[in-house]
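Think of it as A, B, C, D and E in the order they're written, each chain with its own count starting at 1.
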Amino acid sequence: MSGGTALRHRLAERGLDRQLLLLVPGLACVLALFIYPFAYGIGLSFQPASGGVLGAYRAFFTDAYQRDTIATTLGLSLPAAILNVAASVPIAYRMRGRFRGKRLLTTILVVPITLGTVLTAEGLLNYLGPTGWFNRALLGLGVIDEPVRLTNNYWGVFFSLVITGFPFAFLLILSYLSGIDPTLERAAATLGAGRWQRFSRITLPLLAPGLATTFCLTFVLAFSVFPSAVLVGDPAGSTRVVSIAAYHAAYEAYDYPLGSAIAVIMGVVELIVVAVVLGLRSLFYTGSTGGKG
Amino acid sequence: APNSGGATDGPVPDKPGEAVTLNILDVAGNLQLTQGMIDDFVSRAGDQIDKVTYSKATAPELVGKVKAQQNAGRVDIDLVLTGVDGLAAGIDQDLWTPLLPASSSRLPGMSTYLPGAEAMQKLAGDFGVTVTYYPSGPLLEYLPANVPSPPKSAEELLAYAKANPGAVQYARPSNSGPGRTFLMGLPYLLGDSDPKDPVNGWSKTWAYLAELNKYVTLYPSSTSETMKNLANGSAKIIASTTGWDINPRVLGTVPKEAKVQTLEGFHWVTDAHYAVIPRGVPTNKQAAILNLLQDMLTPQQQAKAYDQGYFYPGPAVKDVTLSMAPEESQKALAEFGRPEYDQLIAGNPIEVPLDAKALVAAFDRWDREIGGAKVKK
Amino acid sequence: MTGFSELRLDGVRRRFGDRDALTGLNLTIRRGEFIALLGPSGCGKSTALNCLAGLLPLSEGSIWQDRTRLDTVPPERRGFGMVFQNYALFPHLSVRRNVSFGLQMRRLPRDEVRRRTDEAIKLVRLEEHAAKLPGQLSGGQQQRVAIARAIVLEPSLVLMDEPLSNLDAKLRLEMRTEIRRLHQSLGLTTVYVTHDQEEALSLADRLVVLRDGRVEQIGTPQELHNRPANRHVADFMGYRNLLPMKVKAAHGSTVTLEGGGLTLDGTAADAVAPGDDVVAAVRPEDLRAAAHGVPVTVEVVEYQGREFAVEARTTEGVALHLRSLERPAPGERITVTAAPSRVLVFAS
Amino acid sequence: MKRLTVGAWLVWGAVAFFLINLAGLIGAVVVNSVGQRWFDTWLPQGWTTHWYAGAWEEFGLFQVLVVTLEVALLVVAISVLVGVPASYVLARRSFPGRRVVYLLFLLPILMPPITYGIPLATVLYKYGFAGHLAGVVLANLVPSIPFVILTMTPFIEQIDQSVERAARMCGARTWQIFTRILAPLLVPGILAASILVLVRTVGMFELTFLTAGPDSQTLVVALYYSMSAAGIRAQQSVDAMAVLYTSSMLVLLVIALRFVNPTQLVARVKDDPD
Amino acid sequence: MTGFSELRLDGVRRRFGDRDALTGLNLTIRRGEFIALLGPSGCGKSTALNCLAGLLPLSEGSIWQDRTRLDTVPPERRGFGMVFQNYALFPHLSVRRNVSFGLQMRRLPRDEVRRRTDEAIKLVRLEEHAAKLPGQLSGGQQQRVAIARAIVLEPSLVLMDEPLSNLDAKLRLEMRTEIRRLHQSLGLTTVYVTHDQEEALSLADRLVVLRDGRVEQIGTPQELHNRPANRHVADFMGYRNLLPMKVKAAHGSTVTLEGGGLTLDGTAADAVAPGDDVVAAVRPEDLRAAAHGVPVTVEVVEYQGREFAVEARTTEGVALHLRSLERPAPGERITVTAAPSRVLVFAS
C-alpha cells in the first residue's frame, strides 16, 4: 500500500496513533501556562543577589531555622494526609451498600470541602478557643479544669488540614471503591474469608491505586498549607511551614530568588514523596476492577 | 484594555484630555478613610474621572501583581493606596512613578502636613503622597474589671506578666499593626542604643522580649484575635494603638469600658498611608490622579479621615478639627473617643517607624528568637 | 466445615423489587447428592444458588443444615465452595494465588497449600498459565480457574453456577466427567446450576427444574427425561415438538390424536378424554423419516455430524423438528412417524 | 436484622464525633456572624445582620459572586473537556514517553504557585488575557487540568475496555464513545473531580489575585483581604464573608449532588444485595 | 459499509508479549458465507475475531477487503457488527437504548430506529425487559441483548464470539436457527467463534479449526466431520477414543490394527505401512455394544437421555468411550465393535 499507510501501521504498532492527539490540548495548556513560567521561576532561583548560582539554595540549607521548615511541614502534612485517607477508607467501605439516608450522609460528609480555609480557621479559633463551645462544654462537664489549648499550635493546623482534606479524600475513595465489583468480595466470602480478610486481601489491594492517588492529592494540599498555618497555628514556631518561609522570602523580604528556591525545594520534596507513593502504586494491580463494563 | 492609548511618561497635562476611568488598589485598608473623599471628588470632577473601580489586596501580593503587569507592559492599576510596607517594597523594586518634586507644585496640600505626617512623607522619597496619618502607639489595653491597676512601666509590665502567666498578649508583629508598634516602641521605652537598628541597637529590647516570652503563652496571628481574647477575658493586657483602641469598641467587638495605658518613657511610633502611581500609567490618568490627590489633601476632605476612630485621629494635614468631620464620626468619637489622646499626642515625642528593610530584619529576628523559641520549650 | 446429613430449603423466596425471582423453593439435599438446578435463562437458578451460599438474604423461608438454621449464618462460615457464573476471579491475583486463596484463608500449612494448589491447577490444565493474571486469560481459561478455586477447598457443599458454559465441547465433556469424579471421590455434596439438560442429566442424581422462579419438577434424570410433569418441563427436556392436537380416542393410557395435518398415537401423561384439546410432546430424535407415516415437506436441513436436523411442515403448515440419517433436500416430501411410547400427551 | 459489629460502632461513633464538632465549628462562625457582641458567654448578647450588609456593600459582593461563578464554571468545564481525554489516553494507552507526559501533568499540582505565579501573570498580561476574566480562567486551568487528569485516570482504568470496543463496533467514533459511553459511565468520577476543581478554583487565591483585573475579582480575593489585610476589621465581618463564601459553595455542591449521586456506580457493578 | 465480494486474511499474526496467540492465519471469506472458528479454549479464536474487527492491531500480516487494505482502517469504519464473549453491554443504557445505539450512531431517522430496535428486541424475546438496565438481567438475557445490538445494524460482516454460550439448551437451539435464518435472509456474512463443534457444524458453511494459534484444518462441516486432517482435529471433532495401536496389515486404505487389547479394522487417513505406530480415532457413538467384537469391562455409566454413555476398559486397561442403548451395569463385560469406515487411522 502507500508509504503513508505503512508508516501509520508501523507507528500504531508502537502505540503511536491519532488517539494520542487527545493529549494535545492538555499538553499545550501545561506547556504554555506552566512549563514556561515555571522555567522562569527556576531560573530566578539560580540568580540570587549574592552567593553564586546555588546561593539561594545554600542560604536555605545552611540556616537551620529555614531548613527545619521541611521537617515541620512533613510533620504536619504526612500525618494529616495519612489520617484523611485512613479515616475515609472504613467510612467509605461502610457506605458502599444501599441504605436509607446514604445520600444525605454523603452530602454531610463532603460539606466541609465548601468551608474554605478562612471559615475553617475562624471556626476553629471560635469553637476550640479558650472560651469557645468546646472548652465550655468540657469545663461544664467537669472533664477539664482549665481550657485546653487546641489552637495557635500544631493541633489547630492539624485539625484544619483534616477538616479540609478529609472530604476530598472521602469523596475520591468512595468513588474508587464503588468501582470494585462486589461479586469479588462475595467470592472471597464463599472461600472462607471473613470481613477483615475480604477487605484486606481483596478490596484493599484493588483500592490501593486509588488510595495512592488520593494520598498524593491530600498530601500535596496539606504540604502547601499556608493560611491556616498562619491563622490557627504558631507561624513563628511549631507551625512554621515551608510555605511561610517561601512567603516571607518572596513577599516580605522581596528576595525573589530565595522565594523561588524555597518553592522549588517544596516542589522537589513533594515530588519525592509522590514518587515514592506512585512507585508503590505501580506495584499493585491497576487494571479493571471487575465492573464488567 | 484599560491603559491603551496615551503616553506613560513625559509632561503630565493639567487635566486629562477626556474623562478617564481610575482603577484603585488599596493594600492598607485606606479606603475606609478615603473612599468618601474620592467619591466626592469624582462626583464633582466628572469631566476628569468618569468612573472609579476599587479593589483590595494585601501589601505583600501587591508587588508581584504590579511587577507582572509592568513586565508585560500593561499596567491596569492606576493608583495604589498603601502603608509603609508596600510603599517601601515598591520603591525597592522600582515600581512607582516619581511624582516629586516634578509635581509638588500641583500638590500644595503637601505643605500643610502635620509634623508627624511630614516626617512620614520623608519615608516616601519622591514616590508617594501621604494621604492619612496617625500616631498609632504603642498602647496597652485592658479591662479595668480584670486589671484594676495596670502596669505603668516596662518593668511593671514584665512583673505583671510574671505574676499572671498568659495574661499579657501581643500578636505576631509581622501580622499585626499593634504588634509591630509594640516592637518598634520598646527600644524607646527601654532606652536602647539605636532604636532604628534592630540588629545592632536593640540589645535591651531583645532581652526584654525574651524575658517576657517566658510568660506569654500565645502570640495570635492577628490583632483581632488579641482583641477577642481581651473581650472574653482569656487575655488581660494586650498591645494596641489609638485606632485599634477606638474602632473595635465602636464596632462592639471589645467592651466599651476597656481602657488604655502608656508606659513610662513612651514615644509614639507613627504610621501613615500613601498614594502611589505605578510606572506605566498614562500621563492622562496621572493628571486626574494628581488633581484627585490635591483635593484629598484639603482640610474638608481630610476631616473624613476621622472615620470612627479607625486611624485616630487620621488627617495628615493641619487644622482639621473633629467638628469638621461628618456627623457620624463626631457621634462615634463623642461616645468612644478618649479626650486624653490630645494630651498624649501633644505631650510625647513622635518617631517614624523603621524602614522596610530594618522592619523585615526585626520580624525575622522576632520570629527566630521570640516566636520560634516557643518550639523548644 | 464438618459434613451434614441433610440440607433443607424451606419455602425459600427471594424478591427483587416487586418481582419474585424465586417463589417458595422447597428442597432437601442429602449428603453426597449431586443436585442439578435446571431451567431456562432468567428462571432464578443463580438466585437460588446465591441464597444457598448466603450471598443473597432470603425474602422469606429458611435454610436448615440438619438441626441448625443456616440462613442467618454468613457465607464465609457456611464452608461451601462456589463457582460463579461470571468467574469473579480476583483480578489482582495470579491464577496460582486465586486458587490458593481459600486454602490460605483456612490457614493451612504452606506446604499443603502449595501441594493442593498445584493439584487443583493441574486438574484444570492451567499449569502453563499459573503465573498469569486473570485478565490475561481467555474466557474458558478463566472459568477453569474459578472451578479450581472452589474445588481446592474440598468443601462440604459445592455450588456451581454454569461452570462449564464457556468451555469447548471436548473440554466440557472431560471436565464434566472430572467434576462427577471429584464429587464421588471427595465425597462432595454438589448443587449445580445449568441450562444444559444434557449436562444435568448426565451429572446429577436429582434434577430440579425451575421456571419463572417456581419449581416445575424434581426427580431423577430418568424421571425427568421420560416422564416430564408438564409441557413446560417437556419443552425444556428436549421435546421440541409441542403440537396442539385433539384426542380422537383413548384406550387406557394410549390415546390417538389428530390435528394440524397429523395423526399420532401417544401416551397420556395427564388424564385426558376424547375431544379434549391436548399438547403432544415429541423429541426431534423420536420423530423419524419412515416408509409410511405422516407426509411432510422438508424446509430446513442442518448438518449435525452423524445425522441431519430437519425442519419440515405438515400439509396444514405445522412445523415439525425431526432427525434423518439421510440428507433430504429442501422441498422434498417425506413421511414421518413416532413410537407411541415416545409421544407424551398433556392436557392443554 | 443485622447487628452492628464493634467495627461499625467505632466507625459510626467516629463519624458522629466528627460531625458534632464540625457542626460546632460551623455554628460558632455562623452565630458570630450574626452576633452583636459576644464575649465570655455561650451566645452573643444580641443579633444583627449588619455585618453582612456591610461586607456586601464594601466589596460589591453581588458582582464578585457573579464573577466567581463564571470563573469556577468555566474552569471546571474547560478542565474537564481538556483533562478527561488526556486521562483517557494515559489510562488506556502505552506509548513512548508516557511517563514523561504523566510527570508533566503532575508537576503543576506539586509546584507551589509562588514558583510560577508571577511569570505566569506576566505572560498572561503580555497577551492581553490577564486583567480580565479570561486571564483568571487561564491561570486557574494550570492546576485544574492536571487535577482532573490525576483523579480521572484511575476511574477510566476501572472501566472494562470491551464496552468501548462494543461501541466502536456499533460505529461510534472516538468522540461519540466519549460522549455517549464514557461520559455517562464516568459521570460520578467527573462529578467528583469537578466538585474538587470547583472548590480549588473558588478557593485559589494567588493565581486569581495575580491575574484578576478590577472587575474580575473573585470571592476568595475579597475574603482573604478581609481576613488578612492591614487595618481594623471586626471578626464578625470576616465571619460573615466566610459564611457567604461557604454558602455559595454549598449551593453549588448541593446543585451538583442533586443531579448525580457521588456514590453512583462507576462501572456496571451490582449493588450489594443486602 | 457497502458489501464486498471477498475478505482476505493474509498471514495474520498476533503476539502477546513473547507468546503467539495467532500464527499466520490465512483465510478468504466470501460474501454471504458463514464461517465458524472452532477450537479449544485459549486457541486464539477471540484473538482472530478481534484482529478482524480491528480491535487488536496485527503484529504481522494484512487483511484485505477486495482491493482495499483493511487492517489499517479503524474498527468503527469497517462497518462490521460484533457480539462479545463477555457481552460488553453499555451498563448505563437500557436494553432498548443498547440495541438502538448503533442505529443512532448511523443517524437514521427516529422512526426507523424505533422500528428496527423493536424488531431486534422481539427477535431475541426481550420485549418485557426492554426498559431494564443490563445489570438487572440474567447472564443469558444479557447475551441476547448483545446479539440484538449487533444484528440490528445488518452489517456487512457479523462477528460473533460464542454468542450462545450462556443460553439454555432450548434457547440455544432456537437462537442457533434464528442466527442462521438471519444470516440468510439479511444476506449477512458471518464469522462465528465457538468451541461447540455441534454448533459449528450445524451453522457454518465452512469451519476453521484452530489449535494453539495455528490453523489445523479448513473445510466444510462434512469434510471436518468425516475426514479430520489429523488426530487433533479428530479429537476436537468428537473422536473421543484416540487409541495408540500398531498396523498389522494394510489393503489399500483399509488397515488392520492391533494394540491395547483391541483388534480393529480402520481406514487410513495418512499413509501408513504395516508395523507403524498409529492412532486410531473412533467416536463414542461409532463404538457400539454388539454380539461379537472386542471384550471390555464397563466402568462408568452416564445417563444421556436416549442412550447411555459408557466408559469401559479393555483387558489391557485401555479406556474406551462408547454408547449403549441399554444400561449396562458397571463391572459387566460386554463386547464392542466399530465399522471400519468409522475408524480413522493417523500416523503418530
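One rule holds in what follows: a contact is a pair of C-beta atoms (placed from the backbone, for glycine too) under 8 Å apart; a residue touches a chain by one contact, two chains touch by 3 or more.
Computed from a predicted structure; not experimentally measured.
Each step here moves to a touching chain, and the least such steps from chain B to chain C number 2. When the interfaces A-D and B-D are ranked by how many C-beta pairs touch across them, A-D comes first. Farthest chain from chain E (centres taken as the mean of C-alpha atoms): B. Averaging Cα coordinates per chain places chain A and chain B 38 Å apart.
Chain E has its Cα centroid 21 Å from the Cα centroid of chain C. As a whole-number value, the distance joining the C-alpha centres of chain B and chain E reads 89 Å. One inter-chain figure worth recording: chain A and chain C are separated by 54 Å, centre to centre, where each centre is the mean of the chain's CA atoms. For chain A, residues touching at least two other chains, in rising order: 131, 181, 183, 230-231, 247, 250, 287-293. Shown for chain C are the residues that touch two or more other chains, namely 55, 86.
Looking at chain D, residues 39-40, 117-119, 122-123, 160, 162-163, 185, 224, 227-228, 235, 238, 265, 267-270, 274 sit in touch with two or more other chains.
Against chain D, in their complex, chain B makes its touches with residues 1-2, 23, 27-30, 32, 53-59, 61, 64-65, 67-69, 71-74, 76, 83, 175, 177, 222-225, 227-228, 231-233, 243-244, 247-248, 251-253, 255, 310. Chain E contributes residues 50, 53-55, 74-76, 79-82, 84, 86, 88-93, 101-102, 105-106, 134-135, 146, 149-150, 153, 159 to its touches with chain D in the complex.
Partner chain B is touched in their complex by these residues of chain D: 36-37, 39-40, 59, 117-119, 121-126, 128, 130-131, 206, 209-210, 212-215, 217, 221-222, 224-225, 227-236, 238.
On chain A, the positions that touch chain B within their shared complex are 65, 125, 129-131, 147, 149, 152, 230-238, 240, 247-248, 250-254. The residues of chain E lying in touch with chain C in their complex are 16, 39-42, 46, 85-86, 136-141, 144, 162, 165-173, 177, 180, 195-198, 201-203, 221-222, 225, 235-236, 238, 240, 283, 285, 300, 302-306, 309, 311.
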